[in-house]
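Two complexes, one shared chain (chain A), two partners (chain B, chain C).
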Partner chain A sequence: MSSDTSPPVEKIFFREAIARAAREEMRKTPEIIILGQDVGYFGGSYREFDGLFEEFGATRVRDTPVAEASMVGFGVGAAAAGLRPLVCITYMDFLMLGFDPLINYGAKLRFKTGGQLTAPVIVKTTAGAKGQGVAHSQCIEAWLMGVPGLKVVAPATPADAYGLLKAAFRETGPVVYVDHKRLFPIAGPVPLAETIVPIGKAAVRRAGTDLTITSHSFMVRTALEAAKMLEGEGIDAEVIDLRSLAPLDMATISESVRKTGAILTLEEGQVTAGVGAEVVSRVMETIGAVPFSRIGALPAPVSSNPILEAACLPSTGRVVQAAMALQRKKARGVNHVVAETIE
Partner chain B sequence: MVHAVQIEMLRQMLLIREFERALGARKDHGFQLLSAGEEAVAVGLCSALRQGDQLLTGGRSIGPALARGADPNRVMAELLGRATGTNRGKGGRGHLADQGSGFFGAHAVVGGNISIAGGVALATQMLNRDNIVVIMFGDGAFGAGALHETLNMSASMRLPLLFVCNNNQLSVSTPRTAALAPKLLSDIGRPFGMPSRTVDGMDLDTVVMAAHEAADYVRSKQGPAFLECISYRFSSHSTTARETRSAEELCSIRALCPIDKKMGEMMAAGLIDADTKIAIVESAKAVVRGALEFADASPFPDVREALTDVI
Partner chain C sequence: MIYKISVPPVAEVEEIRVLEWQGAVGHRFNAGDLVVELETHKAIVEVRAAQPGYLRQILSAAGEWQEIGLPLAILSDEVDESLPDSSETLSDLAVEFSIT
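== the complex of A and B ==
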């Protein structure tokens, strides 16, 4: 018998983790259906539904026309009437078309009907830049964080892609599940045993003492790379993977910042009214003022031109520089924003 | 039609008219969305629905909810914000829902309930329920993209969904002729292979027959159908919205009253006499008085209800 007490794992790609969670759930729950563009024979635009069409057939894994507004509406309505749909929106940019049924109907349904109806729908959508330009690259998850009745998750690892999707299928209301184009081909360990990652719990990915970096989705990887480089500068960064954006795990975040005394938020979306803005505000409401810095995409559209795309997105170097500036402010006891400049 | 059924439908139309008249006189809970003039559409349509069928509507939903069989007491309580309402006072105008009577619900976003109804029909089909789903919407929603998308998806999935366009010819103040290009709105169902008809929504018997025909088709699992009922709204968009039509126009519109028409026909045919007519009117008024008493005797929701059933 091995002395290693950690549970046995398999190493699979992020996209495979999604398919595995969906497959396990669909085997148990006949009410689960998948609606989306190219989810059937094609296996999903990112192959994240590989094998499901073959196993469950065209009735449960349904290709739809290119009609995001009604795809979400059908999903929400079917959920309210007894199914457990997962609606796949290939690009998060196009979820804007589905905001009306999602936000005006799905998120309000339980409240407005006095508890008669709920809409347990999962809207799975893909954020992030990968050379596809201004209308296929956006990360707009922050727009959804303030919608009462919605939960929003954004996994960064295959294990969480699996465990959070499993959790989403157990919710009684709508969940927006945000994955990321650059995460699909990344592999990582996923427990062989059925595992559920609870919504609303952040994960400390790297323990540290000097500052807290919060992030989610692909940018967690950037945060971890930056933390490693900061070691060389004598800075010990703690990295928190938010995993759940609504609700936020303020207990874990606040505890970390109380320990480190500074917070840097990192996201691929816009800084203005972004995830980091909310995290920093809530940290300060909880523990008082601390030095902070927010990093995100530049306030510009994300071009498909690789030079301009790379310039727009947060990089490890920018995070390292901002973290070092933040440390200097912290050492001087200055509690205000560290202005970030692009070099 | 059987005599008793006709009297019951007349009673339902009168109930809607009297209910809305009484509600409209109440100025203590904001504006209301009334449907006087459109009663034959609601009652005629619901005469074709069975237990387990689901009706979804736009915001102008009092008539359809009552015609579907929702308890007038609880509907009145809802519209006056009371905790005993169908939605526990939390939905209010435009969002009535009553699962017990097969009124899946109203949704006050114009066109917003159309794709939702598509989803309800998809669930109905996939869960092998022998029921149909009806989405009733106005000409205001006809111009919305959700209609095209849902027509297409429901036709390709052969869903048990009946589209009913209650074309009252006004979107708040904008005449249908200024907003919508097709001459016949029901023509939009044809390219999707749906049986599609336009009928006089001011004539109860016509709506009853057309609704049964369309519902029977949908019930036979052949796919969706489209029914346009041309009606007239007797009052302005809401109880606080300005009336934009002239007194002469309103006078000629009100002469088309579906209740007066049906009552006149039944009297001429000897199906009811003056005494029966008075009795039906009085019984509708009594139900409405009872509904107001019920609502007024009911409490408003506790303020803590603001945070319940949110997530």
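== the complex of A and C ==
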């Protein structure tokens, strides 16, 4: 017997983790259907539904026209009528067309009907820049964080892609599940045993003592690269993968910042009213003022020109520079005023 | 001469999974023969020998993972050339690869 108690894992591609979660849940729950462009015979735009059409057929794995408002509307309606649809919106930019059914109907249905109806629908969508220009690159997950009744998750690893999707299939209300184009080439370990990653629980990816870096989705990798480079500067960064944006795991984040005394938020979306703005505000409401820094894309559309795209997006170098500036600020005590703590 | 065969530089990919070897150890490949099929997140990469040789040792079996540029197998011109302990110093066998 090995003394290693960690559960056995298999190494699989990010897309395979998604397919495995969907396959396991579909076998158990006949109400689950998948709707989207190319989800059927083609197996999904990123082949993340490979094999499901063959196993479950065209009734449960349905190709749709390019009509995002109708797709989300159909999903919310079918959920209200008793199904558990997963609606796949290939580019998050076009989820904007589905905001009315998702936000005005799906997220509010349970409240509006006094609990008589619920809309257990998953909207799975792919954010992020990968050479496809202004309207196929955006990260707009922050827009959804303030919608009561809506949960928002964003995995950064195959294991979380698997575990969070499993969790989303068991929710009573709508969940927006956001992955990222640049996560699909990645492979990683996923537990062999059926495992659920609870929604609302962040993960500490790297323990550290000097500052806390929070991030989600593909940018967690940038955060970890930056943390490694900061080691050389004598800065020991703690990296938190938020995993769930709504609800936020404020217990884990606040505990970390209480320990490190500074926070840097990193996201691929816009800084203004972004994920980081919310995280920093909530930290300060909980533990008082600490030095902070927010990193995101520059306030410009994301170009399909690779040089302009890279210039717009957060980079490891920008994170390292900001972290070093933050450490200097912390050492000087700047911004270290005691705020009223709101409990 | 003894060569290694490595994971070819597929764009945007860090790591591949070996799908299938087209022959067991001792198999002779002719120039242009399919040697191994590799799997990326969205495609199959067919690796073909650009010169004849014998497959001598498989370093990454079917189902195993390997990073771009790292060795997959050792090949030799003659069937009985003795193999080195390490593949590190071997030069790469010229390959052609296509992505489908």
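A few comments on the model shown:
Note that in this section the second predicted complex is superposed on the first by the 335 of 343 C-alpha atoms of A that agree within 3 Å, B and C clash if a C-alpha of one lies under 4 Å from a C-alpha of the other, contacts with A are read in each partner's own complex, and residues count from 1 in each chain.
One rule holds for everything that comes next: a contact is a pair of C-beta atoms (placed from the backbone, for glycine too) under 8 Å apart; a residue touches a chain by one contact, two chains touch by 3 or more.
Fair warning: this is a prediction, and the values are worked out from it, not measured in the lab.
Steric overlap between chain B and chain C is absent once the structures are superposed on chain A; the two fit side by side.
By the touch criterion defined above, A:G44 lies against neither chain B nor chain C after alignment on the C-alpha atoms of chain A. Contacts of A:P185 after superposition: chain C is touched, whereas chain B is not reached. In the superposition on chain A, no contact is made by A:G274 with either chain B or chain C.
Of the two partner chains placed by the overlay, only chain C lies in contact with A:F13; chain B stays clear of it.
Of the two partner chains placed by the overlay, only chain B lies in contact with A:L117; chain C stays clear of it. By the touch criterion defined above, A:T64 lies against chain B but remains apart from chain C after alignment on the C-alpha atoms of chain A. Of the two partner chains, chain B is the only one touched by A:F74; chain C is not. Superposition on the common chain places the nearest Cα atoms of chain B and chain C 30 Å from each other. The intersection of chain A residues touching chain B with those touching chain C, taken from the two complexes, is empty.
Of all residues in chain C, those touching chain A in their complex are 12-15, 17, 40-42, 65.
By the touch criterion stated above, chain A contacts chain C in their complex at residues 11, 13-15, 46-47, 184-187.
Within the complex formed with chain B, the residues of chain A that make contact are 31, 33, 59, 64-65, 67, 69-70, 72-83, 85, 100-101, 104-105, 110-117, 148-151, 173.
The touching residues of chain B, counted against chain A in their complex, run 54, 85-91, 95, 97-99, 104-105, 107, 109, 112-124, 126-127, 145-146, 149-150, 152-153, 156, 308-311.
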